[in-house]
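Would you mind keeping the following structure in view while I ask a few things?
Chain IDs A, B and C follow the sequence of writing; residue 1 opens each chain.
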Amino acid sequence: MADLHFLASPARFRRLSQRVLPSLALATVLMLAFGLYLALIQSPPDYQQGDTVRIMFVHVPSAWLAMAGYGLLAALGASLLIWRHPLAALMARASAPVGAGFCAVCLLTGALWGRPMWGAYWVWDARLTSMLLLFFLYLGHIALSRAYDEPERGDRAAAILALVGVINLPIIKFSVDWWNTLHQPASVARLGGPSIHPSILVPLLWMAATLFLLFVLLVLLRTDTEIDRRRLENAEVQS
Amino acid sequence: MVPFLLEVSDLACRRGGRPVFEHMSFGLAAGELLALTGRNGSGKTTLLRALALLVRPVAGTIRWQGKDVAADPEAWRGRLAWLGHLEGLKGDLTVAENLEVAERLRGRTVPDRVRLLAALATFDLSALADRPVRTLSAGQRRRAALARVVLSDAPVWLLDEPLNALDAPAQAGFRAALGKHLAAGGLAVAATHAELGLAGARALTLGSRE
Amino acid sequence: MSGFAGLVARDLRLVWRRPGDVAVVLAFFVVATILFPLGIGPEANVLARIAAGVLWCAALFAALLSLDRLFAADHEDGTLDLLLLAPWPLELAALAKCCAHWIVTGLPLAALAPVLGVTFGLEPRVLWALAATLLVGTPTLSLIGGLAAALTLGARKSGALLALLALPLCVPTLIFGAGAVESLATGGDFGAHIAILAALALVALATTPWAIAAALRQAGE
C-alpha cells in the first residue's frame, strides 16, 4: 500500500484524480469500443455453444473484478484500522458498491448464459454459488457502513467485516466446492482449462483489462464524490 | 515543585470529523482533584474517555509517573475507577453481586462481605445490598455505582457527573469518600455542572467551540 | 483467569434470573422446525431426507435470533465500559461472552435437536450424529454471531443487519454440519466432516475474538 500512503490526504488525492480522470475515461471508452469489436465480431463463435459463448467476455472478467474488489476492500480496511488513513474509509465506501455491481453483473450474465447451456437460469453450480455468497458479503459491507449515524463508525465496522470476510472467503469457496461435488457430481461443464484457444483468450484478456479500467474509473469518481459528501456533512455540523 | 503523577500534554480529540478539543495540557499530583467544567458538548466526557483510553486521541500523550500509558494500557486500566453517565449496573443482579462482578472484572478476587458492606455503608446502602438493582431509584443506583468506585481501591478516579441524581446526604457522603481518597494520595478527575464543594479542587474549563 | 470466569459466571447468572429469554429461543427452534413437515407434507422418506438440513438451518436462525442482545444489553446499561476498562485483554472478554452464549443456546440446541429429529423419523444412530455435529458446530455460530452482534452495536436496524452479516460467514459450518449427518445415509466419511467442523470452530476461535474486541472498542469511542 505504499502508493496509497502517498495519496493518504484526501486533498492530494483530489488534485491527482482530477488530473487523471479525463484521460482515464477516454481510455476506457476507446478500449471498450475495441474490446466489444473483438468480443462480438472478431472472435469466432464456439462450435458447441454458438454465439452465447460471447457472454463469457463480460462474465469472467466481472467475476475476477468482483473477487479482486473484495480484496481491495480488505486492504483498505486494514489501512484504515492500522494507519487510520482517512482516504481509505472514503475509498472503501466508494468501491464496495462498484464491486457489488460487478458481482451482480457476473451473476446476471451467469444466469443468462446458464439458460442455453444448462437449460435453466439458475443451477447450483459451485462457482455461481460462491459468487452469490460473495454478493451477500458485499451487501453486508455496504449495509453496515451505512448503518450508523456517525459515518466514521460505519467505516470502521465495515473495515473489520472486510478483513474477517477476506479470511473466510477461501473457506466459503472450499466448502461450497465440497458441497457441490457431494450433491452434483460433475454435471456442469467446466469453463477454461489449460487448452483455451488464443482467438478467445485475447478478447477475454482485453475485456478484462477494459473492465479493470472501468472499475478504477468508477472507484475514483465515487471516491471524489465521497470526499465532497464528507466535507459537506462536516461543514453542516460545524455551522 | 510537586511532581505530577498524571501528566497530559497537548491532547487533541476529534469527533465526527471535527475537533472536540486541542492542545489540552494539565498535570495532577498525588491528592489532587481536577474538576472539568464547561457547557454541554464542550468535550468533558470525551476528555474523560480519552483519559480512560476509551477514545483514541488524534494527538498528545497521557503519562503516569512519566511513562506513556498507551504503552501498557492494561496496567493503566488497572489503576482506574470509572463512573460514566451510565451506572454500569446489571438490573437483574443485586447491588452486592454487581459490586462483586465489577471487582472480578478488574481482575481482583471477590471482596469479602465486610469490605463490601463498608463500601456500601459510605453511601448508606447497607440495607439494600441484596436488592436487585432494577428495584432501586435513580439516586440509589448512582450511589451503588459510587460504592463500586470506592471499593475498587484504584488510585485514579474518573467520574462523569458524580453528583447527578444525588440528594443532599448522598452528596455529603460522596464528598467524604472523595476527600478520603484524595487524602490517601489518590487522584480524581470529575466532569461536573455543579460545584463539587471540595476545597483545593483545581478547575479546568473546557471552551465551547463556535 | 478470574476476570474471564467472572464474566462467564455473570452472564450465566443473568440468564438464570431470566430463563424466559432462553426458553423463547428454544421455542422458536421447535416451532421453526415443526413448520417444515407442515409445509412440505408428512411423507416419511422426504422428511428423513431433509431433516439434517432443516434442523441445522433452524438451529442457525435460533442462535442468531438470541445474539442481538449479546452486547447490546451491556452497551445500554454501561457495563460494556467496565469490560473495556478491565485490566486484561478485551479479546478474552469477547471470548467469555461468546462462551456464555454457547452454554445457554448452543448446548440446549444440540440437546433438543435429536428430540425433534425423532419427529422427522431419523434413526437413533443419525440422532446421535446430529447432536454431535451441533455440539461441534454451534461454537462457531456463537463466535461468528458474536462478531456480527459487536459490529452492529448501536447501528440502526441491527437485528436484520446482524443476520445479513453472520449468515454468509456461517455457510461453511452449515454445509459441513448438515453434510456430516447426511454422510451417514450416503456412506460418506462422517469423521472427516466432524474434523472439518472442528477445524472451522478453531479458525473462528483464532480470528473472531480479535475482531470482536476491535468492534467493541469502536463502539466504545
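As a working rule, a contact is a pair of C-beta atoms (placed from the backbone, for glycine too) under 8 Å apart; a residue touches a chain by one contact, two chains touch by 3 or more.
Note that the structure is a prediction, hence the values are computed from the model and not measured.
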Report summary line: Closest to the centroid of all CA atoms, by its own CA mean, is chain C
Query raised in the report: Measuring centre to centre with C-alpha atoms, which chain is farthest from chain A?
Result: B
**Report entry** Centroid distance [mean C-alpha coordinates] between chain C and chain A, Å
**Finding:** 31
Report summary line: Distance in whole angstrom between the CA centres of chain B and chain C is 37
Query raised in the report: So what's the Cα centroid distance for chain A and chain B, whole Å?
Result: 48
Query raised in the report: At which residue positions does chain A touch at least two other chains?
Result: none
Query - Residues of chain C touching at least two other chains - result: 221
Report summary line: Residue positions on chain B within touch of chain C in the complex are 49, 52, 54-56, 74-75, 77-78, 80, 82, 84-93, 97, 101-102, 104-109
Query - In the complex with chain B, residue positions of chain C that touch it - result: 2-3, 5-7, 10, 13-14, 17-18, 76-79, 81-89, 217, 220-221
**Report entry** Sites on chain C touched by chain A in the complex
**Finding:** 147, 151-152, 154-158, 161, 164-165, 167-169, 171-172, 175-176, 179, 182, 186, 188, 196, 200, 203, 207-208, 211, 214-215, 218-219, 221
Query raised in the report: Of all residues in chain A, which touch chain C in the complex?
Result: 81, 133, 136-137, 139-140, 143-144, 147-149, 153-154, 156-157, 160-161, 163-165, 167-168, 171-172, 174-176, 178-179, 182
